[in-house]
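Heads up, the thing below is written out as C-alpha cells.
Order of writing sets the labels: A, B, C and D. Residues in every chain begin at 1.
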Amino acid sequence: MSESVVQTRGLTMRFGGVTAVDAVDFSLRRNELRCLIGPNGAGKSTFFKCITGMLKCTSGEVWINGHETTNWDPHQVARLGVGIKTQVPSVLDGFTVRENVWLAAHRVTAADGVASRVAEAMERLAVSSLADSMVGSLSHGERQRVELSMILASRPWLILLDEPAAGLTAAEIATLGHIVTDLSRDAAIVIVEHDMQFIRSIAGLVTVFAQGRILMEDQVDKVMADARVREVYLGRKN
Amino acid sequence: MDLAAIFAVEILYAIASLVVISSGLAVVFGMMRVINLAHGEFMMVGGYVTIVAVRSGINIYIAMLVVAPLVVGVLGVIVERLIIRRLYGRLVDTMLASWGLSLLLIGLASMIFGNTTTGISPPIPGFAIGRYQVNGYSFFIILAAIAILVAMFAVLAGTRAGLVARGAMQDAAMASALGYNPERVYMLTFFAGSALAGLAGGLFAPLLGLVPTIGGAYIAKAFITVISGGASVIAGLVSSAVLFGSTSQIFTLATTPMVGEIALLLIAVVLLRLMPQGITSRFFRGKM
Amino acid sequence: MFSRRTFLTGSAALAGAGILAAGAGQGFAAGPIKLGSILDTSGAFDAYGKPMDMALRLAVDEINAAGGLLGRQVEIVAYDTQSDMALYTQYGQQLARSDRVDVVHGGILSASREAIRQTLRKSGVPYFYNVLYEGGVCDRNITVVGVTPSQQVEVLIPAAIRKWGKKIYVLAADYNYGQITARWIEKFARDAGGEIVQTDFFPLDVADFGSTIAKIQSAAPDIVVPALVGGAHLSFFRQWAAAGMKSKIPMASTTIGIGNEHKVLTPEEGDGILVAYNYSPELASPTNEAFLAAWSAKYGNTDAIHEIAVSHYQGIQVWAEAVRKAGDVAHDALIGAVESGLSIDGPGGNVSIDPKTHHAVLDVHLMEMAGQKLKVIESFPQRQPSDTQGVCDLAANPDDNTQYEIKI
Amino acid sequence: MAKEMKHAFLVALVAAILLAIAPALIGTYTLTLLVIYGILALSLGLIWGFGGVLCFGQAAFFGLGAYAYAIAAINIGESTVPLVLGIATPFLFAAALGAMMFYGRLSDVYLGVITLVVTLLFFRFMNSSAGPQYVIGTARLGGFNGIPGFQTLNVPGTPSAYIIGDAYYYLTASALLIVYLLVRWLLASPFGRIAVAIRENELRVELLGYDARARKTLLFAVGGAIAGLAGTLYASWAEIVTPGLFSLGQSAEIIIWCIVGGLGTLVGPVIGAMLLAYLKFALGQQSVIDNTLVLGAILVLCVLLMPRGVVPTLGTVLNRIYRRPPARRDRPRPAGSQTAATPPERAHV
C-alpha cells in the first residue's frame, strides 16, 4: 500500500445513463511505467480524466501520493508534482516554444533558475532549435514534443500521458519511445494508448480496460497473448 | 375571488409578454446560435410600421399581424444577407455587429420619427371580471403568445421545412449532402425570427407607446429569457418565461414594478450561476 | 427638428460648443446680452421642452423687436440636453464657464434643475427655473417662476375630495418631484379630511401599468392621483382607459396637461381628469389674446402652447423686467432687482416675485379636461408660494442653499 | 521583459507629448472627458484583450467608482479617502463578482449575460432610490436625479484647493499615463504572462498547476479598479453622478471603443475611446445626421472589415510599407471568437 502513488477505489463515472467507468480499483507503484489500453469506449480516457481532475467522478475515491484527490481541480493535481499531457496537444499556439516551456518552469523554479531549467527541458526533447518559433506554426510531432518538454520542465514525479503517439509518424513514435524511457528514469508514468507497436517498444505492465472495467493486468506479452484481450480489443481492431 | 382572477390574468400576461418579446430571439439563437442584439430594434421597427400603417388607414389588426411581421421579416433577410451571413460561427462578433446594427436603427428611427414618444390607442375595450376591470388587450397578448408557441411547435415538429431546418442546424454538411441548401435554411430561419420580432413590436405598440430607444427595454429581457432558457427553443422559452414572468409579476403586485424587475434580474443571476447552460440544459436535454 | 444644439438667433455664429468662444460677454457693453437656454428638446421629455423652446424664442423675439434690453440685443445660446440628466451639468458648465452667458433659463425636470443649480451658483450666473415643481428651493441665485404645491395641490386635492370622496391612491414619478409632491398630496389630503390608501412610485421608463391597475382596483380608492412625468408614463392613461377604468374611478392629476397630454390622448382617455394650473389657452384676458396671436403669427397655430411653455415665457419676461429695473445684467444688480418686488402681466395673469423666497405669486385655476381642452371651473387669484415661504427667508439668510422638503 | 518596458516608456513619452499639445486644439474641459474615457477603455482592453473576459458590464464598475466617490465625498468632504474608496469599492466588487463567475466555470455568453444583468441591477436600483430612505451617511442616493453637489477632487489635505480646469486635465492625463505604465508592467510580469496564457489555453495552464480561476478573478478585479478610477475622475469632472452611468449604452460604448481601437493592445482601446468620444462630441454639434447612427455604422463596419481594430490593422499596414516582417508576438484574438466560435452547426459560408 505505501508503495502506491496512484490509487483508485471504486472509481465510477456515469454520463446520463451510460456508465463509462465502472467501479475501477487501480494502483500504481512509485517509478512504475504503466500502459492503459482498451478498445474505443472502454473508458480508459474517462478514467484518465477522472484522475487528472478534468472530470469529476460520480463516485469512488482517487488517492495520489497519500492525498485524497477525488474531485480536485486539475491545477491542484498538477501542484502535487504531476505532469499531465492531454489527448490533443494542449499548448499555447500564440506563444513561442521558449515561452511555453517557461510557463511550466516558472511555477516550480526560483527566478534565477528558470532560464537554465527551460534550456535543459528543451534540450532533452530536442526542441531547442525551435525555441523562438511560434508553437502554432509547428508540426504535430513538434507540438507533441513541446508539450512533453513543458511537462519535463515542471519536474514531475508522476507523468500522465493520454495517447502521446496519436498522429505521429513511425519515426516519431520511435523517438517518443526513447523519450518515455528516458522520462521513466525519474518518474512514474501512466500512458493511455492505442498503438500496440508503441506499447511493445516501451514494455512495462499493461492494464486492459473493457466496458468501463479492468479486464486484466499483466506484462505486455502476456496481455497480447490472452484470448479475452484478443476478443475485446485486438480481435476487433485488426 | 374576482381579485384573484385579475391577479392571475396579470401574471399570465407577464409570462405571455415575455414569450412574445423573446420568441424571435429564441428562434434565431436556438436554431442558429446567433444572438441578434438588434432584436429590440426589430421590435421597434415593427411598432413604427404598425403605427404608420394605422395612420395611413390600414386596419390595426392587419397592420399588427401582417404588415409589421412582413416588413421586419424582409428587413431581417437583408440584414442576414449583408451582415450575419459573414459572421456565422463567430458568436461574439455577431453580437457586436448586431449591436452596431441596433444603434444604427435607433439613429435612423430618430431621424425619421423624431426622438418623441408616440402611440395609438389599444383596439380592444376592457371588460369586467366580477367587480373588477381587466384590460382586454392583455388577453389579446396572452392569446398571441399561445398562438406563437403553437405555431412554432407545429412548424418545427410537424412540417418538412421544420425538419429540414432542424437538420441543417445540427449538421450543415449533412443537410447539403442531402440536397438542401443550408444558406437558404439560415436565411428563412432569420426571416422567421425577424418576423416574430416585428409581430411582437406591432403587438406592444398600442399598449406601451413608442420611442426609437424602446428596443433597449425589450432586448435585455429577451436576452435574459432566452439565454436562461438554454438550448432548446420552445421548452427553454416557455420555462424561463414562466419562471421570470411569474416571479417578477408576483413581486410587482406585492410591492412595486421596480422590485419586480430587480427580483427578475436577481433570479437570472442565481439561475445562471447554478445552471450555466440554461434551464433546459438540465431538465429538457435533447428536446426542442 | 433633429438639431442637438440650436443657435436661436442667426447672429450667434459660435463654432464648436464654445470651445473657440471665449472672452465675449459682460465686458463688451455694446455686445448682445447672452441668454443661456438649457432644455430637453429631444428625448423622453421633449413634449415639455420643445414648446418651452418655442416660447423662449417668441419672448426673445419680442424683446429684441422692442429694441432689446438696455439698448442691447438678447442673444440665445441654447443646448439640447436630450432628456439626459448627465448632459445638464456638462452644458451647464459650458454655459457658465465657456459661453459666459449673463443668465440661464431652463431645466425642466427637478432632477435637471438640481444638476445645474450648484454649478450656476458657484459661477455667479443668475438662474431662472420656470416650471411647475415641488417647491422648497431656497437659493438667492435662483428665481422660480412656476407653480408650487401650495398653489396647486392645495387647490386640487380638496376639490377632488369634495367631489368624489376621501380615499386617494397616488401614483408618482420616482424622482425628487414625485417623491416630494406625493408628500404634499398626503398633507393636503389629510388637511381636507382625506386619506392616502397607497402611494406607488414609478421610474420614468416604466410603461407597463397593467399590474398597477389591478392593484388600484384591489385597493378600491375614490380617487386616483397620478403625478406621472414623461412620455413613458403617458401609457398609464391609455391603459387605464383601455381597462375600462375611466368610468369607475375618477382622477385628479398634478402633471397631466403640462406637456399637452390632453391633446395626445383621445377625449375618451382624457375627459373628466381634474387639474390645477396657472394657465389655460381658454383664459380670457387681453394679454393672453395678444400672446396667442403672437404665437400664431410665429408658429402658425397655438397647438404647442402648454402650462410650462407659458411659465417659461413669463419667466423670461420677469428676467427682462429685472434687467430693465436694475439697468444692468450683472449678477448682484439683477438679484437686487428680483428682490425689489417685481411684477409682470403675463398670459397667465399677474406674476410677481416674492422677495423672501424668489418664488412667484400667481393665479391658479381649477380645470377639467374636456374634449382635449382645459376647461376652467374655478379661479384662485394670486396664490402665495406658502410651502416655500414657511421654510425659506432669503432676506434673513441670504446664504441659504438648500432644497427644503416637507416632513410628514 | 526589460525590452517591453522600454517600449512602454517610449509609448508613454509619445503619448505625454501628444497630451501636452492637445489643449492647443481642443478645450481641456472636453479633453479631460476624452482622457477619462481612455482610462475606462483601458480597463476593458486589459480584461478582454489580455484576459479573454468579455465583460458587458464594465459600466457597472465605472458607475460604482463614481457613486462610491460621490457618496464618500459628501460624507467626508476632503477628497483623498473618497478617491481611494472610488477605486477600492469596484475592485472588491469585481473580485466578488469575478469569483462568483469564474469559480462557477461560467464562460462566454453566460458571462456576458451575468455582467449585463448586474449592470442592469445597479441601474434599476439606483434609478429607484429617490426616496428619503435611501441614504448612506448624509448622502441621499437620489434615484433618477443622481447625486449632485459633492466635493470635487482637491489637493490632498486642503479641501478648499479644488483641482479644476487645466490642472484637472493634466491630473487625468497623468493618471492615464501612470495606469498605462502600470498595466504594461503587470502584463510583462509573470502574472501578466500567465494571464495571457490562460486566455490562450486555460486547460494547459491549469495542467501546469496554476489556478486559472483565482488569476482571472484578480485580473478582473484589477480591471474593475481601473474602471473605478475612471468613474471617480468622471464624477469629479461632471460634478454629478446619475444612474445613467450604469446604463447599457455606457457599457456598449466601452466595448465599441475596444473593438474599434483594437483588442489585444492597450493603446488601441485608448485611441478608440478618444477618437469615438470626440467623434460623438463633434457629431453632437451638427444636426444633419444622428450620431447614434454613425456609431452603429462604425461598429458594424469594424466587425465586418477590420475585426482586429484600427491600431493593429494600422500596425500591419505600416509594417508592410516598411517591408519589415511582422514582429508582434502573441497576436491575440477577441476572446469570444476563439472560445465561443465552435458551435456544433458551424456554417459553411
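The rule is short, and it goes like this: contacts are C-beta pairs under 8 Å (C-beta built on N, C-alpha and C of every residue); 3 or more make two chains touch, one makes a residue touch a chain.
This structure is a prediction, so every number in the text was calculated from the model and none was measured.
Asks: If you count the contact pairs for each chain pair, which pair has the most?
Replies: B-D
Asks: By CA centroid distance, what chain is farthest from subunit C?
Replies: Comparing chain centres, A lies farthest from subunit C.
Asks: In terms of CA centres, which chain lies closest to the overall middle?
Replies: D
Asks: Could you give the separation in Å between the centres of subunit B and subunit C, each centre being the mean of its C-alpha atoms?
Replies: That gives a centre separation of 39 Å.
Asks: List the centre-to-centre spacing of subunit A and subunit B in whole Å, with centres computed as mean CA coordinates.
Replies: The answer is 49 Å.
Asks: Between subunit A and subunit C, what is the separation of their C-alpha centroids in Å?
Replies: 77
Asks: Which subunit D residues reach two or more other chains?
Replies: In subunit D, 124, 127-128, 290-291 touch at least two other chains.
Asks: For subunit A, which residues are shared contacts with two or more other chains?
Replies: Subunit A, residues with two or more chain partners: not present.
Asks: Pull out every residue in subunit C that's touching 2 or more other chains.
Replies: 2, 174, 201, 203, 205
Asks: Please list, in label order, each pair of chains that touches.
Replies: Once each pair is checked, the touching ones are A-D, B-C, B-D, C-D.
Asks: Which of the residues in subunit D end up touching subunit B in this complex?
Replies: By the definition above, subunit D touches subunit B via 54, 100-101, 104-110, 112-114, 116-118, 120-121, 124-125, 127-128, 248-249, 252, 255-256, 259, 289-304, 307, 334-337, 340-349.
Asks: Quick check on the complex: what are the subunit B residues that touch subunit C?
Replies: 3, 6-7, 9-10, 13-14, 17, 110-111, 114-117, 119, 121-122, 124-128, 131-138, 206-209, 211, 214, 217, 249, 252-253, 256-258, 260
Asks: Over in the complex, which subunit C residues touch subunit B? Could you list them?
Replies: Result: residues 1-2, 42-44, 46-47, 82-83, 174, 200-203, 205-208, 210-215, 217-218, 230-232, 234-235, 238-239, 241-245, 248, 264, 266, 269 of subunit C touch subunit B.
Asks: For the complex, which residues does subunit D have touching subunit A?
Replies: Residue positions touching the partner: 190, 193-194, 197, 200-201, 203-212, 329-332.
Asks: Quick check: in the complex, which residue numbers of subunit C touch subunit D?
Replies: So the residues of subunit C touching subunit D come out as 2-6, 16-19, 84-86, 88-90, 93-94, 97-98, 110-111, 114-115, 117-119, 174-176, 178-179, 201, 203-205, 405.
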